[in-house]
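Below, chain A partners chain B and then partners chain C, in two separate complexes.
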Partner chain A sequence: MSGGCGRNPPPFPDNEDQEAELDTRVLDSDEDDDDEGEDIFTIARSKPITPTSAPDEGDIFSEEGSYIRSDVHHATNGLHSDDELDLFTEATVELTLTNTTSQGRREIIGPTASACNTTHVPNSILKPSIVTKTMEELEEEESGDQFELNIAVTNPEKIGDGMNAYMSYKVSTQTTLPMFLNKTFSVRRRFSDFLGLYEKISAKHSLLGFIIPPPPQKSVVGMTKVKVGKEDSSSAEFVEKRRAALERYLQRVVAHPSLLQDPDVREFLERDELPRAVNTQALSGPGFLKMINRASDAVNKMTIKMNESDNWFESKLQEVENEEQLLRRLHAAVDSLVNHRKELCSNTAVFSKSVAMLGSVEENSALSRALSQLAEVEDKMEQLHQQQAFSDFFILAELLADYVRLLGAVRCCFEQRMKVWQRLQEAQSTLQKKREAEAKLLWANKPEKLQQAKDDINEWESKVSQYERDFERVTCTVRKEVLRFEKEKARDFKQHIVKYLESLLHTQHRLVKCWEAFLPEAKAIA
Partner chain B sequence: MEGSSAEAALSVSANSIRITDVTQDGDVLTFAIASQKLNSSAGVCVFRMYEDFDWLQQSLFSEENLPGLQGIIFPPLPSKALPSQSNTQTKALKQLGFLALGQDWQSYCKALEFYLQQVAAHPTLCKCKALDSFLINSESPGKQRGRKGIFNRLSQAVEEMRKESHKDVDNFFQNERNKNTNLAASSKVATEKLLDVVMTEQKLAVACGHFATSLHLCVNQDDAAAVAFSKVCLKLSDVIEAVKRNYEKVASNNLSTLGLGLDLESRYQESEKEMLFRRTCKLIELETVKKGTEKAKANKREVMEAFQKAVEKEFNLISSVAKQEIERFHSSRVKVLKTFLIGWCELQLNTAKEFAELYSQHLEACRNMYSE
Partner chain C sequence: MTSISEDSDKEKVRSVSVDLNNDASLVIDIPDALCEREVKFTVHTKTTLSSFQNPDFSVPRQHEDFIWLHDTIVETEEYAGLIIPPAPPKPDFEGPREKMHKLGEGESSMTKEEYAKMKQELEAEYLAVFKKTVQVHEVFLQRLSSHPMFRKDRNFQIFLEYDQDLTVRRKNAKEMFGGFFKNMVKTADEVLISGVKEVDEFFEQEKNFLLDYSSKIKDATAKAEKMTRSHKNVADDYNHISGALNNTAADNNTAFKKHLEKCAEVFEKLRKVEDRVASDQELKLTELLRYYTRDIQAAKDLLYRRARALADYENSNKALDKARLKGKDIAQAEENQKQCLQKFDKLSESGKKELTSFKARRVVAFRKNLIEMTELEIKHAKNSVSLLQGSIEILNSN
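Moving on, here comes the complex of A and B:
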């Protein structure tokens, strides 16, 4: 995002059609960055991503960790075979070290085919090739500086019994990044590990103004059902929902250039055994939101109003708050849609049975056969409705829910900046007091305390200038982060619409087949 | 079954009877009924209200000079529609089922139209003066209070139930009664369940509408990213609108074909049930009389025997009419159901194809838009 340096990125060989879009994106985001970006973010070109421990240095490499998004390719118009998918086909984040920053960032966040999860969870509702599949094929980028990182969360397994039981998930990584020990590896993690990861990341990075992706929500009810061993469709659904959410969470984390550098993230992905995360209670769903809201309220109550040099932050925050409300409303609307579809599903099943009954008491054999066929058609439609309900849920509802929480994280980001500013204000006022104290001493002529006062003043002067630098940096980071976030949001939504349409089309084609099969049966009645 | 010479055959063609229009004035629905005169190209149009239909049905029930009348399966008349605002949809649904749905009473008119067509197509009933007068006279006959028909709807009194299960003397009829019981029950249930499906489809369409509208609120022109996002939301809104129209169409297809068909079938089965019940009641009467005759003292015996013969004759007449009616009914209902099923399937197939095409276009547009 430092196109302000005026470099001409070399054209990328295989992606002519991608370039134009990316160039615009890069340029768009540069407009605001021009001045602030210059110093900190001048990039050394072919510097590979090296592991760095100090988080503030991570800024320097944030440009390096830019991504390539794979092209969206569709073999057939919406019809997807029922084959098992490679684990990583849809769970891809590609990183590039390219000096050609014209590539900007791209990523695919998609739910993994539930085809992989057949082993331990009752799977009656998770037939392969159902809605969570995406039709995208990844285009291999050819460049020496390209690096790939794919993450998938699969194989939920229940460990233990009774109330101490928990679900363990397999986290698989496939990467060409040199900072990892292997190219392909996997570990098992439990939900609290993910929460622990969030806590660590948050502690380190949120102060710098980064948007930290929020973790999936805890659910006491859902988990209890699983613990108790209730093997029914609702607990299977819960596990699938959580698995998908964990996967999306990780994908968002590694999609963030600075967070990827964090050794805790690497450790999470690589290390065989993680120490058990404690104190994750605070991060449960409702608790998390309360935390954000409290911070938000506190900020609003601040009597000292920030003096914005430009309105950007104020209006952006307002925008974010508005959007959060809108997305909440959308989510409620989709939720209602999903519920109605489920209702349609069960009504169709009941109707199917009643038609079967009618067919069985019907004497006319052709009519009886037609009615049984009709019952089967309705059965198939029930399945289609079921699948479409999943599609609605996983593609739309979860997307919206994720973004409601992400917008909350964005607000946190703004609040962090406020805090930094507050700290600066306080330091400045303390400095002022120290100066006044010194002046008083001079006037009261007490030379012995003067040195102390002078020392104090020096100390606070350097603090003030440190805090000033911090504030500027945070301001810059927040701006960049918000722009990055907005681009990704638009991209995310675009991808999801395409996916949704594909699933609609798929269902519709199947429906046409059902009717075509039934017509001759109806015509055969004599 | 020959009527007296005073009865004329119907002067319009049965197939041409149509309900072309319906107007609502407060609580009252007025139907415009058009038909084509036989032997001429002249058309007739009359205006009738529900009371007139009721009058017609009652007149048919009380037709004189039709021996074996009780053996006839009368075409079922839909219940009266109460369109007033205070009548909630649940009440209307309970009363009319499928016929309460649909816009502007379309389904209800269709059902009334079927009724008239079936009466006109019935070999015996078509000769009734009441029908001709109903279809042709410009004055509506409804104000006349004709004789009340001799039979009313099957009541649910316990005694009736007992009579209903009275064993028959004729295997044919016993079988028919059993079949009818099963079919009547099953088709009623199927109709109700289909109604549930249609209601849910409509609710789904409404929910889609809300979602699509909410998406429109996300439009924001502040900066490039917001514009991109707004475009995405609008696109999704279009897609959801399409889904909404799809479900509306699907529900309306269900309603206008299979729904109507099952509803008609269900009501016809009830009508057959009533006919069979009437015959059973006659049978019981006959058996009671027979027993009475056997026990009668010599002086009363002749009278009793004469009476018994009369009842027997009536019963046999009813049975023979019933047999013909049953056969006619069986063949025609299969045809009717076949027509409805084919119509339903074709409509749904076309709708499914139409929307597959639409979704496909949306998808192409999306892909083109996003892969620039």
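Moving on, here comes the complex of A and C:
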């Protein structure tokens, strides 16, 4: 299911070309990526996590790749307003190298229709001609988009030594979007690059009321262990956790139709060398500044009481805050499960060894054999528990952690709207003051200053109307964003829940097999 | 508190040892148990033996009564050459009791659902402990009833039949101290035993085997206990996750809510299965190991008694030599020596028989329990599979 994301960007001129592209979906075949390349982009959703080996990169990959992909589809979620169209026309003009015709533009609206998608209501005009080869290859839930954009983050490599060391990740993109220079390409990025991207996006778009996906969290402890060179399982786990989080982050960013158009995003994906993002360090000057700003924001939040004409916002914000709390609790419960399962895993391993010892001492040969078989079964169970713990974490726990942070981002969005409103209020009160000043001047009969006053009033009148428009726009955007977010959330959760249940199912299947294999051994005791 | 009788749907959890009730002349079981301050077991006997007054009767017994019976048998000289069935351990309701306490305290601060869930957990744990303790007491009695010598024991008969409180016949403080002392002496014997030179090949082998096996099985028991506890923790977590999912769903509407609710349902059902997996594993595997750890100890005790008899015999030989030298009390010393030899021979003979049948019994018990455990594991896993498959289908079709 190479379901691309539901892009409504500039159309691809030629369907046939695209089909050919889809067949050659292989990443740049560098290093040892060949197998992984195949895995990333194949439809692997029905396949449970490959059990045989400890979760290695390739496997994780196919999982991550496959399920996130459908995440990335969402198109415009039926929010077809003029704004959207405008956005895309602009984008079209700026970016593409291929010809964009008005014909092309109409097609933008088309592809969001997904004939078989039941969870997500397509409001679009269905253009039958849009049915492409991609539809057949996509899973039912994916929208039949013409455009693909698949992103994967792989190959963490440690660069450098000691405290200046860092992990470098390979960011691979495979796309049919014409706004990119190539169809498949990859670059190497480090964690601070991702943070830098977030900063840039946030600076540009958050004031417009978009929900900006939050980046993965920094972790001084985790990174220090890696830097210091501890080659143990916990630092490997940390790197894997971060890699997966970075991947999800990017996928969410490009899933957002407006953000994808941002040149910074494109640069991040494409450009070979990025200037170092120094403002992202926690203990830097800008870092402190950010902390201060955040604090003042918090204070503002407490003092502003918006005059809400629309209850929707107030109740929605309340909902969001509640949900954040509930998800936090749910996350804690899942976290506990992950830990206990890991405990179960190690206890099973220890028990297995103990049973093996017992078997070796046992004088009855049939019982002795059965006991060593039992030890082997328990050993297999240990592996199953290990993999299940992995699923518990990566499918469920990380999903919840992501959404707790995303809900925080949604809250920020609401706060931004409040800021815009505040700006409007201030402008309105300034205008009021200017008018009063003019009135005073009139009354005091000072004609020389009157012109100045009139100019001031005009200036502020236009500011007020500008801010009013801004506020309207932000209100509209926030509303749309929230609806989009909620749809995404429902779909995301459903997908992950199903995936998780499938992982449990897989484990139970294997359990049945293990025990069924043991049963004749037990019966053979004499 | 609660009276828990065996559920109709739960498998009759019979002995960890062989089916000991295959002799219809004396059939014992514990159909019921009450737990108030103390646990009261209902011991039910069906017999065709004439030595009993009734063919079918029941008496209530406490755990201490079982211990009394065990100790009187241990102290009976006659049975020195037999493996004495190990005493059942004291019922341990610490876990459920703690939970009950927490439940009572937190009742006001919990939501109705949380309370109901905790109550469920508590009941499950209670039931598990109950099953265990009933089983282990039952097996003790059944071992006695199926042994040709023990079943005829007068005290055993009293235990089964005497329809009043046994407390008066139980150890008084002095006797208890006596028992304590005996245990202390026994540990000294262990050192003695390892040192005694063994002439008999059979016993030499047995001694080595039992010593080695004993430490390994103790270890396996401890590890099994930890593993079972982890299983229970996982089941508990499923419970909490289910609750948290329901809480999150309650606050919502839309498709999101439905997905969460469905997921909560699945976790709830999975919890039940995991609980059963954990408790079945405990019953069949951990209890099996625990029981045989104790049984191995009982076998070792037999060896010690025999070794002590051997030491006594050797001492009596020395005494006889000394008496012969001195020319005094020779007859007495000879008599002593003869008795010691007799005792030693008797212990050796019955000991050999007992240890051989012990081997057979152990192998059969392991076989039975491993098979039963495996079958249960398969059953539970298949249940999980169908449960999960069904849920996935429903979620996908939505």
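The criterion applied here is as follows: the second predicted complex is superposed on the first by the 358 of 526 C-alpha atoms of A that agree within 3 Å, B and C clash if a C-alpha of one lies under 4 Å from a C-alpha of the other, contacts with A are read in each partner's own complex, and residues count from 1 in each chain.
Note that in this section a contact is a pair of C-beta atoms (placed from the backbone, for glycine too) under 8 Å apart; a residue touches a chain by one contact, two chains touch by 3 or more.
Computed from a predicted model, the values in this text were never measured in an experiment.
Chemist: Does the chain A-based superposition show chain B and chain C clashing or fitting?
Modeler: clash
Chemist: Return first, second, both or neither, reflecting whether A:Leu259 touches chain B, chain C, both chains, or no partner chain.
Modeler: neither
Chemist: Give one of first, second, both or neither to describe whether A:Leu483 is in contact with chain B, with chain C, with both, or with none.
Modeler: first
Chemist: State whether A:Leu374 touches chain B only (first), chain C only (second), both chains, or neither.
Modeler: Both partners, chain B and chain C.
Chemist: So in the superposed three-chain picture, is A:Val350 touching just chain B, just chain C, both, or none of them (first/second/both/neither)?
Modeler: In the superposition, A:Val350 contacts both chain B and chain C.
Chemist: Can you list the residues of chain A that touch chain B in one structure and chain C in the other?
Modeler: The overlap between the chain B and chain C interfaces on chain A comprises residues 319, 323, 326, 329-330, 333-334, 336-337, 340-341, 343-344, 347-348, 350-351, 354-355, 357-358, 361-364, 366-367, 370, 374, 486, 489-490, 493-494, 497-498, 501-502, 504-505, 508-509, 511-512, 515-516, 518-519, 522-523, 525-526.
Chemist: Which part of chain C faces chain A closely enough to touch in the complex?
Modeler: Result: residues 209, 212-213, 216-217, 219-220, 223-224, 226-227, 229-231, 233-234, 236-238, 240-241, 243-245, 247-248, 251-252, 254-256, 259-260, 262-263, 266, 270, 359, 363, 366-367, 370-371, 374-375, 377-378, 381-382, 384-385, 388-389, 391-392, 395-396, 398 of chain C touch chain A.
Chemist: Which residues of chain A touch chain C in the complex?
Modeler: 118-119, 319, 322-323, 326-327, 329-330, 333-334, 336-337, 340-341, 343-344, 347-348, 350-351, 354-355, 357-358, 361-364, 366-367, 370-371, 374, 486, 489-490, 493-494, 497-498, 501-502, 504-505, 508-509, 511-512, 515-516, 518-519, 522-523, 525-526
Chemist: Considering the complex alone, what residue numbers of chain A touch chain B?
Modeler: Those in contact with chain B are residues 17, 20-21, 28, 71-72, 74, 77-78, 315, 319, 323, 326, 329-330, 333-334, 336-337, 340-341, 343-344, 347-348, 350-351, 353-355, 357-358, 361-364, 366-367, 370, 374, 483, 486-487, 489-490, 493-495, 497-498, 500-502, 504-505, 508-509, 511-512, 515-516, 518-519, 522-523, 525-526.
Chemist: Any idea which chain B residues touch chain A in the complex?
Modeler: Against chain A, the touching part of chain B is residues 179, 182-183, 186-187, 189-190, 192-194, 196-197, 200-201, 203-204, 207-208, 210-211, 214-215, 217-218, 220, 222-226, 228-229, 232-233, 235-236, 239, 243, 330, 334, 337-338, 341-342, 344-346, 348-349, 352-353, 355-356, 359-360, 362-364, 366-367, 370-372.
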